[in-house]
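Next up: some structures, all given as structure tokens.
Paired with subunit B in one complex and with subunit C in the other, subunit A is shared by the two complexes that follow.
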Partner chain A sequence: MNLMANILLNVIIAFLVGSLLFGYQRKIMARIQTRPGPPIIQHLLHTLKFYIKESTFPKTAAMPFYVAIASMLCAIWVSAVIVGPVIEGSLLLIFAIYALHKIVEHNAGSSSGSPYGKLSCVRAVFSAAAEVPLFAVLVIIYLKTGTMVIGEIINYQTINGPLIYAIPLAAAMFFVLILSKAPYSPFAITKGKDIISGYETEHFGVLRGYLMISESIAWYMLLWVFLTVFIGGLSPIGYLIGMVAISTVVAFINATTPILNPNHSIMMQVTFAFIGIVGSIILILI
Partner chain B sequence: MDQTIYLIYIVSFVLGSIVGLLFSYKKYKLPFVSEKFDLVAIILSIIGWFLFLNSPLISFIPSYISITIGLFLVALVVGMRPGYGRYETLTGFIISLIIWIIRTVLL
Partner chain C sequence: MKTLYMVSYLMFIISLASIAYALIFNPPSWMVYGISIVFIPLAILSFGLISMAKIKKEEEDERRDEPFIGY
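On to the complex of A and B.
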């Protein structure tokens, strides 16, 4: 298939599946809380709705930075799709994209001029201090497989079996990272309801649409990386089942756990990261 | 080609959900309170799940077409107004699953 067509196909699949998984998550959470919940398609409709809404810009916004940063978030997750499912490139690039995501979260909050956005911007820096060590899971994968290239990690697993059995603590670390990016998660301090919608508070219309598209693609990509790196190359049905299973577990955790205080959230993530890194290295050495 | 077909399946599911939502809001004016079965929804759900899970049984249509139609019908019922379509989905799924088990395990 033509490369451009392949990219387009994968980006559309990532967006649609990510949106449906978010909707599914909300449905599961609602059922746990004995509410009917919105339809599964709600998150997707919500995203599309913003493209037909009027786009307004706050007077306090730092233009053109305010507009550029929302578009950039979309662009970096499209890049993640290219590095991941399309070319099966290096995990280091995915790590760089995730680090950029944290910077963009920070800047989206500060560029709007809203006090809620600014609080979220500070929390984004806080959470980066915990989430980036969680992404250090890559080092453990490298120590185990001797490579960072996704295609080669898939081949390694075909010969030696899924990495989730060999380095389970690393998989647990990555799962905590995934949990941190889920809406309503105990670690979602950048979008806690105490600061309205966090860094998205002053983004309306098309810009909000960009942010929501990026979130859906980001969710799909994080799940894709988890399944590919710890279980191996799966069929599309395998990926779908895996993504639905992880989203269900995350929904259960989110529905039953309140959002943590920012300090507690960071300390907990750092503790997970510490136990994960040290434990995995000990397991590899043994 | 594989991915293109999966994209078609996803789009079919999304379209089915949208149509189901619009259709159910027109049909049911009240929030979900009574636990009555909707005969039309049950029929659609059974056909949808049957086509989705048992497409090899319908040999005169390529399987990707029957799965696409099946997913559209499944989504039509799943995507109905909150609360509606749950029992109908479960009924359709169980009947199709029994047929699938008979087809793949017992025969």
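On to the complex of A and C.
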């Protein structure tokens, strides 16, 4: 297939599947809380709705940075689609993309001029201190497989079986990272309702829709990386089942756990990271 | 606002043209990656700026001063 067509197809799939999984998550959460909940396509409809809403740019916004940062979020997750499903490249690039995501959260908050955005901007830096160590799971994968390239990790698992059995603590660490990126997550301190919508508070209308597209792609990509790296290369149906299963577990956790205080959130994630890294190294040595 | 719409249309046309170029002429991989990373996000953004509802002239200042109305 033509490379550009392949990239376009993967980006569209990532957006549609990511949006539907977010909608599915809200549905599950609602059912747990004995509410009927919105239809599964609600997140997708919201995204499209924002595209025809009236939009202005607040006078407090730092233009053109305020718009450019939303574009950057989209650009980095399109890059993740290229590095992931398209070329099965290096996990280090995925790590770089995730680190850039934290920078975007920080800068989106600071560029709007909103006090809520600024609080979220501080929390983004704060949470990066915990989430980046969680991404150190890559080191464990390298120690186990001797490679960082996704394609080679898939081959390793074809011969030796899924990595989730060999390094379960590393998989748990990555799951905590995925959980922290889910809406209504106990670790989602950058978008806590105590600060309205966090760094997205003043990105309304078309820019909100734009951010939602990027977040859908990001959710799909995080699940894709988890399934590929810890279970192996799956068929499209296998990926879909895996993504639905992880989204269901995440929805259960989010529905039953309140958002944590920022300090507690960070300490809990750091504890997970510490136990994960030390435990995995011990398991590898044994 | 008029400038914004003109710039958006221009960005949208350039983005679509670049994507079409990569689709039809199959340039080297590095060029396709560059086009994807720059022009796919730009096409999505410019389409949004074109498709968003227009603000009434008399309400423009009010919207700018009270951005929360935009929800």
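One rule holds for everything that comes next: the second predicted complex is superposed on the first by the 286 of 286 C-alpha atoms of A that agree within 3 Å, B and C clash if a C-alpha of one lies under 4 Å from a C-alpha of the other, contacts with A are read in each partner's own complex, and residues count from 1 in each chain.
In this section, a residue touches a chain if its C-beta (ideal position, glycine included) is under 8 Å from a C-beta of that chain, and two chains touch if they have at least 3 such contacts.
Bear in mind that the values here come from a model prediction, so they are computed numbers and not experimental data.
In the superposed pair of complexes, A:Leu283 makes contact with neither subunit B nor subunit C. In the superposition on chain A, A:Thr56 contacts subunit C only, with no contact to subunit B. Of the two partner chains, subunit C is the only one touched by A:Phe204; subunit B is not. Contacts of A:Leu93 after superposition on the shared chain: neither subunit B nor subunit C is touched. Of the two partners subunit B and subunit C, more subunit A residues are in touch with C. When the two structures are aligned on the shared chain, A:Val149 is found in touch with neither subunit B nor subunit C. Looking at the shared chain after the overlay, A:Pro39 reaches subunit B, while subunit C stays out of its contact range. By the document's definition of touching, of the two partners only subunit C reaches A:Leu3; subunit B does not. By the touch criterion defined above, A:Val270 reaches neither subunit B nor subunit C.
Across the interface of their complex, subunit B is touched by residues 1, 6, 9-10, 12-13, 16-17, 20, 36-41, 44-45, 236 of subunit A. Per the touch definition, subunit B reaches subunit A in the complex via residues 1-4, 6-7, 10-11, 13-14, 17-18, 21, 31-32, 78-83. On subunit A, the positions that touch subunit C within their shared complex are 2-5, 7-8, 11, 50-60, 67, 70-71, 74-75, 78-79, 82, 202, 204-207, 209-210, 213.
Listing the residues of subunit C that touch subunit A in their complex gives 19, 22-23, 26, 29, 32-33, 35-38, 40-42, 44-45, 47-49, 51-55, 60, 63-65, 67, 70-71.
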